Structures are given as structure tokens and as C-alpha cells.
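Multiple structures follow.
First chain A sits with chain B, and in the next complex the same chain sits with chain C.
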Partner chain A sequence: MLAFIVRRLIQSVVVMFFVAMLAFAMFRFVGDPVHQMVGIETSLEEREALRVKLGLRDPIYVQFARFVGNAATGEFGISYQHQRLVSDMIRERMPATLELSIISALFSLFVGVPMGVYTGLHRHGWLSKVFMTASLIGISLPTFLIGILLIFVFAVLLGWLPSFGRGEVVELGFWRTGLLTVSGLKALIMPAFTLGLFQLTLIMRLVRAEMLEVLRTDYIKFARARGLTNRAVNFGHALKNTLVPVITITGLQLGSIIAFAIITETVFQWPGMGLMFLQAIQNVDIPIMAAYLIMIAFFFVAINLIVDMLYYVVDPRLRVDVAKAHGHG
Partner chain B sequence: MVEVPATQSRGPSASEPGLHSAPDPGARATGLWSRLRDSDVLYSFSRSPITITAAIVTALFILCAIFAPVVAPHNPFDMATIDLMDSSMPPAWMEGGDSRFLLGTDDQGRGILSTIIFGSRISLLIGFASVVLATVLGVGLGLLSGFVGGVVDAFIMRVAEIQLSFPVILTALLIDGVLRGVLQVEKSGELAYWILILSIGISNWVQFARTVRGSTMVERSKEYVQAAQVIGIRSSMIVLRHILPNVMGPVLVIATIQLAVAVLSEATLSFLGVGMPPTEPSLGTLIQIGNDYLFSGEWWMVIFPGSALAILVLAVNLLGDWLRDALNPRLR
Partner chain C sequence: MRKTMMVLGMAAAVAVSSASVAEAKTFRWAFQGDAQSLDPHSLNETFTLGLLGNVYEGLVRRGPDLQTSSRHWPRSWESRGPEIAGGFHLRKGVKYHNGNAFTADDVVFTYERTIAEGSDVKTRMATVATVNKVDDHTVDFVTTAPNPILTSEWATWYIMDKEWSEANGSARPTDVTAGKENHATRNANGTGPFIVVSRETDVKTVMKPNPMWWDKDVKHNLTEVILTPIGSDATRVAALLSGEIDMMYPVPVQDMKRINDNADTSVMAGPELRTIFLGMDQSRDELLHSSVKGKNPFKDIRVREAFYRAINIDAIKSKVMRNLADPSALMISPKLFASHAAKFKRVEYDVKKSKELLAAAGYPDGFEVGMDCPNNRYVNDEKICQAAVAMLAQASAIKVNLLAQPKALYFKKVLRPSWDTSFYLLGWTPGSFDSWNVMYNIIGSPKDSGRGKFNLTGYANPKFDALTDKVLSETDAVKRDEMIRQAYRMSVDDIAYIPLHQQGLAWGKKKSISLKQRADNQFMLYHVTVN
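Moving on to the complex of A and B:
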């Protein structure tokens, strides 16, 4: 167990090291940081002085070490475009993205699992066919198009829901939440639905496939032969055994939900990190891009690590064959 | 490595016409055709109405894209024929519509139908090109990884694993952002094609590489490879002449599915404003433009290009799904 954890930890550190190198290379070699910071009138001497002051004349490995040190303490420099500390901007926008991501993950889980169980149990029912067809369309429709269609129907035609923004927010210390006001909740419905829809279809199909697999096994047949109620068989035995992969996938998908939030946040002008990242790409604002890259990588690596360890704890087979534990589910 | 592109880029595209003209057997009874006619693949194709529909829709899109200047009622890039007086007209069947513009016009007076046809052309061009790039990269690295093994293999696969743990669209966005930074934002309009092809192509190589690596490792231990080695054929020759043809089967399937992914990625990037510029709109750019006019009730600017995109992606996806099942003997 310990060896396994240590090995996974080392792997994660290596990944983070590579990502940090990539981010540093972007930061250092794409565009000229000094050129971005000064005006046209700045003389060459002043530029040189700024260069020295920023440490851009130090050896490259010293710069890299400084970059990593700063990143580890959450310091990513100053945004070219906004002339503000990137760390402050991220701190302001992180709650919006996390609220949106977590709500849509919960939504996809609590709707996707029952739909998957239903389609697994009644595979030939008409409702199952409707669900399966809808999920195929859901996979083929791009996220941004679903968002646009929702806005068109519920904001433009019906006028029920706001089409952009977070509504009213309440400050809870450093955390700015939209979950406590009516307008905030109303503003959350469409973005969370849009973001969660893809995961929902994924979870539904996964649960369905797992249910079909489990229902064929001998111990389910035996449970039925013992005369247990359908309810006990389907939920107590079958569903329970499908949940391990579902939890894994949902965990791993949380990372991609945060990444896909870029698109949803753009469609709904949701003031989160994704929107900030996109604007940074449009304006080639390298410090924000580098910071976002490192943060997202950290999220992914951390989630992967936790999921792998959970897997190890939950599934006894892995303890025999450790080599399998590398799978990304 | 230089010869690799020529050999591989033929993979997905050369079999494409074979797929679509398959229902027309009697034409030329060469070895390949008669084999195709008797194959299980064609049989399963003719038995699946959904697949046939998907193939027809895909073929229609590709034909429209190739012959766009002939098919489209107007040329949306020809400034002389565009009249700002025609802007924001609803579809022809609605009040205020004009029979010249079946699906209405956009904010600059370009016919929506024409911009969709030319937009699909750009979308498909970028889609195909980036799949070709991803295939060349992925198959090349996969062959290298599987044949050489050792440190090279470990390094390539580790990079692949890291890249695979991030969503494709995020990788594509990052590469796009870096390229725009390197090439200066001002020039990125003209170079939009190349930026998109590079960023989508580079972000999609992993699946090809992993599959090809696996089959290469299997093939490498087979006797014909050993025989070739014994009679002193160079390793590069063995890989390109003998192993490559034997690992291309699954590549075709992945390439088809990746085409849908690539078209979707292109549309997403363009929609996010880091793809094709409004002067040369792809389907994604059209949706982005239309999105701005949604609130004034001019829904046709976004609904029609959006539907075109969704139908195209759905058709290619269905085709890819079928191909995967048809070429996989275990599922029969």
C-alpha cells in the first residue's frame, strides 16, 4: 500500500514538474514580458533596468526555480492586460467556477444514475429508447449550441430565466456565493444544466452498461431464486455493485467539468475562471494562461491521485495486481 | 520519418470514396472491388438504414463542401454581390423574407444558406487536415514507441498519458493561445487555418499512438518480422513496409470518429472567438455571429448553422460507430 502511494505520488510530482516547465516556457518565451508591461516612451535603459529587476537576466534555471517557488505559494505574477495580481483575480473568480462545476456534477449524478438504472432494468421500454436516443443527440450536440438553444427558449422566448451573469451574490468572508439568493439560483439553472448534460449522458450510459452486466451474474439469479423482492435485488445487490466505476468516472470527470466550464461560462457570461482564461487567450495574456494551466493540472493530478487511491481501497483485486492501478478508468 | 506522411495520409482519405461508392459494385470488378462486394462490412452496411442515411448525409456535406462555389446560390466572399440593404432578412417563407435567400441573411447581407455551405467547407477542410496531422503524428510516434521500446517508449507513453488526462478542448485552447502569442495576434487572422489545424491535430494524436503502439508490439514479435530482420532489411523499411499496413485497420476507425471530434473542436474554438475570423466564417464562427443577434429575435442566424453542425457531427459519429462495430470481429 505504502509503496503504491509513494509511486503514485512521485508520478504526480513528475507530471506537475513537466506542466510547470511548460508554463514557464510559455511565460518566458512567448512574447516579451517587459514589452507587455511598459509603454512606448520607455527608454531602452529603463527597459533593461526593469529586466534586471524582474530577474530576467538571471540564469534560466534560477528563473525556473523562482517561478516554481512562486507558483507553489500561489503567486503567478501580474496580468498583462489587467495590471493586477493574477492570484487576486483567481481568488475572486474561483468560487463562481467551483459552484457551477459542483452543482452540475451533482445534477448529472443524481439524474444520470436513476436514468441509467431505469434504462438498464427496462431495456426495451419506450422510455428507455427515448432516453438512449436523447443521450446520443446530447453527445453530438456541442455544449455551446445547447446553451444557445436554452437561452433562446427560456430567456428570449419565454423570459423565465436570466441569460447571463450570476445574479445577486452574497459575500461569505472571501467566498462570494450565488447560492443564497433567488436570482443567483435562477441564474445557475441553465449553466449548470448545460455543463452537466454531457456528464449526465456519460453516467447514464455507464450505469446502464454496468447494470446489464451485473444483472446477468449468478449472484443476482441466486438472489432472485431466494425470493427477494425486486427492489432488494435491483437496488441492494445490483446497483451497489455498479457504483464503484460510477464514482471513479464521476471523480475523474470533475476535472473535465472544470475545464469544460470555459465554454459554458462563455455562453452564459458567467464570471468564473474559465471566462477569464478565455479572455487571456484572446489577448495573449500569458501570466493568466500559465496560472490557469498550472491550477487545472493540479486539480487533475490531485483528483487522479485520490481516485486511484480510493480504487485501491475499494477494489480488493487491485491489491493483488498492482500493475492495473495505473488505469485512468 | 520523412516518408511517413505520404504513406499514412492516404489511409483515411483513400478509403473514403470506397466507402461511399460501395453500393455501386458492377462498375469495375478488380480484386479490391470484388473483395469489398463480398465482405461482411458491406453486408452490415446494407443492413443498417441508419448507417446508410448517415453515409448519405456525410457524402452530401463533403460534396457540397468540394463544389461549394457551384452549389451555393451566392458567393458570400464576393464583396460585389453583397448588399448591406439585404442584411438581417428572415427565411424566405416568413414575412419580410426574400426568395433569393432561402434561409435568410446575416448582419452583413450574406445569404445564410451560402455561408453555411462555404462554412461547412472550411469546417471540413480543417477537420480533415487536422485528422491527417493527428494520424501522421500518432501513427509515427506509435510505431516508433512500439518498435523501439525502452526509454523512447516510456517517454512517449508518459507524455501521451499526461496529455490524455486533460480534455482535448483544453489542450487545443492552450496550443491555440501559445501559437497566437508566438505568431503575434495581428497576423493570426490570416494564419487562422494553420493555427486551428495545428492545435486540433496536436491535441488528438494520443489515441492513434496508443492503439498503433499496441498493435506494433504484437506484430513485432511475429515471425514475418523476424524473417525480415534475419535477411537484413533495415528497421525503418520493416516498420514502413511490413508493420505499418498491418496496424492500419483500427486507425481508420479512430480517424472517422476523430473527424467528428475535430469538426466539433474547430466549431468550439471558433465559437469561443479564437478560431476562424468573421471574414472567413466556419460553422462555429457563424454560430458565434448569430449568437449576438439572438436577443433581437433573429434566430435564423444561429439555428440554421447550428443545425448544420449538429447534423454533420451526428452523421459522422454514427458512421464511426458503425465502422467500429463492423471492423471488430469480436462484436459480430
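Moving on to the complex of A and C:
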């Protein structure tokens, strides 16, 4: 077990290193940060002096070594644009992104699973057909379009929900939450729906397929033969056995929800990390871009590591195989 | 007894709060971005300085018409010999938001902060040699040479409190390489009409009026101001239409009609000072991006004129800009050169003549040239370039290979030191509201001294430069304007540039809001009334 974790950790470090390298290579193609940091009348000499000062004129390997060194210690310096500590900015922005991501993941799970079960049980019901058609729309429409359509209908035409922002927030120590105010909750509805829609359709289709599979198995037939109620069969026996892949997918998708919140956050001006990252790209704010990319990579690596370890705990066969392999070796 | 007191107290508190609720005029507005910093010396950029103009004040102030207003701090100043701009008599009794008194020491301190490393507003003090305190409310500015436009940039040269800045370790502007934040980045202590209550960069900035503000004649009825940047155009428009915000800018030109059609909202449009123009590399012996080898076609004035004549400026105005533009014959807004601007006319759009000129220059079948264009800097910048490309192809068989990219990449490519462009679109607003700035930076011959630093065409005319230097120190306004006219005449006759238009301003607002729009795109909250 310990050897497994150590091996995984080493692999994670290698992955992080390559992400750092790719991120660093990318910075060289987004433009010149200095022109974004000064007004247009600033002289060329001053611009050049600033470039030297920022270390942009150092040899590439020196810049990369400095970047990796800083990233390893979690020190990302000051944002070129906002002139504030990047770590402070990320700490302020992270709660907004995490709340949005987790709420939309829960939304997709708690709506997607029942819809999947329903469509699995009633394959030819008209409601199932509605669900399946609607899910096609959810998969095929781009996020920003869904967002803008929602804003147009619910904010402009009906005036029910706010078109942008996060509403009133409450400070809970270091965590700034929007979940405790009415305006915060109202502001969350459209972004969470937009972000969760794709996952919802994914989960619904997955559950449906798994249900169809499981319902054909012998133990379901036996359960029915035993005279159990439909509810007990469908939920107690069938659904339970479909959940293993669903949980895996949901866990892995959480990482991508966080990473791909960028578009949703931009459309709704949601003050999270994704919005900050997009603005940083436009302004070539390298410290923010670096911090964000490294952090997202870390999320992915950490989630994968946890999932791997859960497999190891949950699945006895994995342990047996490893033991055997060692035995033979 | 105690209970009665408490009840009375509570009743009074309720009465007070309900009274203030009834009168509360909260003004919510949005811009596409946020001020980068609250430090008034860290970035010379319109929005940042405009927002801070509500919190800090300069030694002079501009009114809605951009004329220097008489309502500024120095009650008067006089010239004491050619090199001393003279005794600025500062207004007495002016206080900072924290209660500190405003004195001559603050002006001297601000001067030192302005010329320190990390400051981006050094040009404000470029011709000032020293600033001397005469007494607590009198300051002398000693200049390196007589300067007729010394105070023209001072409306955005904001005075900071020496005591407050030093106490908070902000005596110098932020150094981005120092690894720590400057107190003045997120905190402000000005003398201006509004006080920053809270600041969350890019999310929300709340201000309230400054009850101690010295200028009691300027009236607004706001009790609270909330700025929430909204980056996405569609969302910003939706927020205005749904009534969540009272005002926002810029309005995307394609949404102007929608906002005007809505019962409660309208667009305020007007010309901005920024001039959009095309430049052609006429200095290199061979163009960097062209099918013509061994020579530079733009060196031939006939080719430059052919390009000018191929541009149908009225079509750009009506189709691309939806009339939110004023075609321009000069490299400066006519508002800033009112005395002679009307004498200049654009070279007329004439496809036939354009073809003839090209043929005469030896390019009857046109040629290929690369063009650089930003796509997120000016109003519809990329679309203007696309229109120009189509017009050149149609009129003169010129094949333009357009490279439109985000400003971060665009400026890196075209500006010096890389200076990698043959044909480009750029915009310019003279920060000083004066022609000398345009003559020196844009049209002047590129020199190591800094002259012509944004002249990417390489146009070089020694006579023009000589006039530019005379303009700098000529104090007689009439003579000075005549020199400027002569200089512009030279560069216009040489077709140094192809000016396109002054782009327009479009601010969206609720009809219940009244405000004043300034052509420099600075938004002053003290001109706002919520009805």
C-alpha cells in the first residue's frame, strides 16, 4: 500500500513538472506583459527597464528555474495588473468558484440520477423521450449560449434573477460565502444550472445505460421472483449497482467543472478564479496565469490520486493482483 | 426609566434609518473592466485615472466641456519670470478623507512620488525641474524651459497626503518586483468628492460622498455609488436592460438600438478625443511584409495617396461604426485644435484616381502587403481593418494580408523595439489635450531622444521637427496655433498618415439618470443626478 502511494506521488510530481513546463512555454506566446502594465505615453526606455526588472530579459532556463522554484514553494509573487499578492487574490476568489462548482455538481447528480433511473425504467414513456431530447440540447449547445439565453429570459424578460455577480456575500472567517443570503442564492441559480447542464446529461445517460444493463441481470429477476416491491428492486438492488461508475465519473468531473467554470464565470461575471484567469490571459498577467494553471493541475492530480487510492481500498481484486505480482516477482 | 430611554433611542434610530432610506440615492454602474489600482500614480490609463478623479483631485480641474474650470484648488497663479510657472496659491481649509489638512508639503511630496521609480505618470512632471514650497499654501513650479501647457495634464495629476502615505509605507508607487502589496493599491485618501468605502478588485467598489468636500457648488444627489465591472458585452447590456444597474459603458455599437428601444433606457453618444488612423511604413528600404522586393512602395507618395483614396470613410462610419464615429482629416480631434481644424479636409474617396495613382507609381496590378490590427483595443478595431482590406482589394487590387490579434500580442509586435509592421491601425489620444503631444509622439521623426516613439511609419521631416520644438515653448497662443497649423499642413500634404475618425463614446443609462459625458471618456460621479 505504502509503495503504491509513494509511486503515485512520484508520478504526480512528474506530471506537475510537465504542466509547469507547458504553462511556461505558453506564457511566451501570449504577448508582452509590459505594454499592458504601463500607459501609452511611457517611454521605451522605461518599458525596457521594467522588462529587465521583471526578469523577462534573463535567459529562458533562468526564468524557468525561477518559475519552478516559486511554484514549488507556493510563492507566485505580485499580479502585474492588480499589484496584489497572487496568493491573496486566489484565496479570495477560490470560494466563489468552489461554491459554484460543488453546487452545480450536486445539482447534476441529484437531478441527473433520478432522470436516468426514470428513463431507464420507462424507456418508451413520453416523459423519457422529453428528457432524452432535452439532454441532447444540453450536450450540443455551447455553454456561453445557454448562459446568454438564460440571462435574456430570466433576467431581462422576466426580471426574476440577477444577470450578473454573486449577490450579497457573508464573511465566515477566510471563506466568503454567497449561500447564506437570498440574493446570493438567487444569483447562484443560473450559473450553477449552466455549468451543471452538461454533467447532468452525462450522468443521466450513464445511469440510464447502467440501469438497462443491470435490469437484465439474474439477481434482479430473482429479486422480482421473491416478490419484493418495485421500489425495493429498482432502488435497493438495481440503482445501487449502477452507482460505482457514476461516483467515479462524478468525482473526476468535479475537476473539470472547476477548470471549465471559466466560460460560465465570464458570462455571468461570477467573481471566481476562472474569470480572473481569463482576464489575466488578456493582460498577460503571468503570475496569475502561472498560479492558476499550477493549482488546477494540482486539483486534477490530487483527485486522481484519491480516486486511485479509493479503488485500492474498495476493490479487493486489485490488492490480490498486486500481492500476486509481488509473489511472482 | 432605562427601558424608556432604550425604546426612545430605538425609535429615533428607526426614524433616522427610514428617513435615510427614503432619500437614499444609490447609483449602480458598470464598466467593462476595473481600475487596476487605487494608487493614482501607478498607471496612466483613462479608466483608472477617471475613477480616481472622483476620489483624488489634481491642482486643476476640467469641466464637462473639458475646459479648465475655475473651480480648482489654486485660487490663482501667476508667472514669475519665464522659467517659474509661479506661485500656486492653494485653497485653504481643504481636508483629506481622514481629516488631515491639505498643504504645500503634499504637493512637494506628490511631485517626488511622481518622478520616483514605478510611477507611470512621470510625463505630468516632464518639464518640471523642482517644486518649491513658499509657505503652507503657496507652491512654485520651476520648469526647465518656458512651458505654455504646463498645467494641461494636471487635472489627472492627483495630490496625495504626505502624512498618510508615509505612515502606511506608500511613499513610493508599487514596485511589482518587490513581492509585496502597497497600501495605496487598495486604500485611498484623497480630498475628492467621494470616499472609497470598500474595494474588491474586479468585483465591487463602494463609494460614499465626502461630506467635507470643499466645493459646495457642485450638486449631485447620490448617497452611495456601487461600481461592478462586467466584462462580457452581452451581460453588461442585459444588466442595464433588466434595471439592475443604472448606467454602464461602453455600449457595444450593435446593441445601441436595443437599449434605445427599451422604454426605460437610452444611449448617450458623443465623439471621443481618440483618433483612429492607419500608418504605412515609409522608412525601410524594403517592406517587411510585402510581395514587392528590393524597394518600399510606401516611399512613393502616390501609393500613399492611392491607399487614402481607396478608403470609403463614409461606409466605415455608417456600416462598421453605425454612425458612432466622426471622420477625421487630422491626427488630433478638432475639439482640441478648434482654431484651425476646419481648414483641413480629408483626401476624397476616389476609386478611379486611386487606380490611376497606383498605375503611375508602377503597380497597375497592385501588390501584397501585410497589415497589423488589434482586435480588442478600440471600438470595432478588427472590423475597421477588415473593411479597409476589402476596400483596398476592390479599389486598387491591393491584396492585404490582415493579422488581427489581441492587444497584448499586437502591441508587442508593432511597437518598438520589435517594430515589426508594414501597415497598421492605431489610435491615439493626446494626454495633454494639446497638439504638441501628437506632433512629438506620433508624427515627429523617430529618434533615440524619444521623439516619434509611437511613429511606426518612420515618417521623418526635419522641418516638422523644428516647428514641433518651437511649439513647445511658444507662449503666444495665436502664434502657437499658427505654427501647429503649418506643421499639420506639411504632414497632411505628405500623407504621413491616413486618419480615419474620432471614435464615438456610447454610454448606456436609465432615463431617470442625468449625467454629463466628457469627450475624454472620464466619468465624473459629481455630475450624476438620480431622479
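Just so it is clear, the second predicted complex is superposed on the first by the 258 of 329 C-alpha atoms of A that agree within 3 Å, B and C clash if a C-alpha of one lies under 4 Å from a C-alpha of the other, contacts with A are read in each partner's own complex, and residues count from 1 in each chain.
Just so we're on the same page, a contact is a pair of C-beta atoms (placed from the backbone, for glycine too) under 8 Å apart; a residue touches a chain by one contact, two chains touch by 3 or more.
On a predicted model such as this, the values are computed, not experimentally measured, just so you know.
By the touch criterion defined above, A:Met94 lies against neither chain B nor chain C after alignment on the C-alpha atoms of chain A. When both complexes are overlaid on chain A, the residue A:Leu44 reaches chain C alone and has no touch with chain B. By the document's definition of touching, both partners, chain B and chain C, reach A:Gln282.
Of the two partner chains placed by superposition, only chain B is touched by A:Leu145; chain C is not. When both complexes are overlaid on chain A, the residue A:Val30 reaches chain B and chain C alike. Once the two complexes are laid over each other on the shared chain, residue contacts for A:Val15 go to chain B alone; chain C is not touched. In the superposition on chain A, contact of A:Leu228 is made with neither chain B nor chain C.
In the superposed model, A:Ile189 makes contact with neither chain B nor chain C. Looking at the shared chain after the overlay, A:Val111 reaches neither chain B nor chain C.
Looking at chain A, you'll find residues 30-31, 148, 151-152, 156, 163, 266-267, 278, 282-284 touch chain B in one structure and chain C in the other.
Chain A meets chain C in the complex at residues 30-33, 35-46, 48, 53-55, 75, 77-78, 80-85, 88-89, 92, 148, 151-152, 155-156, 159, 162-166, 266-269, 271, 275-276, 278-279, 282-284.
Those residues of chain B that touch chain A in the complex are listed here as 158, 161-162, 164-167, 169-170, 173-174, 176-178, 180-182, 185, 260, 264, 267-268, 271-274, 287, 291, 294-295, 297, 299, 302-303, 306, 309-310, 313-314, 317.
Those residues of chain C lying in contact with chain A across their complex are 33, 36-37, 39, 42-45, 120-123, 174, 176-182, 185-186, 200-204, 228-232, 234-236, 238-239, 241-244, 376, 406-412, 415-417, 428, 431, 437, 441, 450, 453-454. Per the touch definition, chain A reaches chain B in the complex via residues 14-15, 18-19, 26, 30-31, 136-137, 139-145, 148-149, 151-152, 156, 163, 255-256, 259-260, 262-263, 266-267, 277-278, 280-284, 286, 289, 293, 296-297, 300-301, 304, 328.
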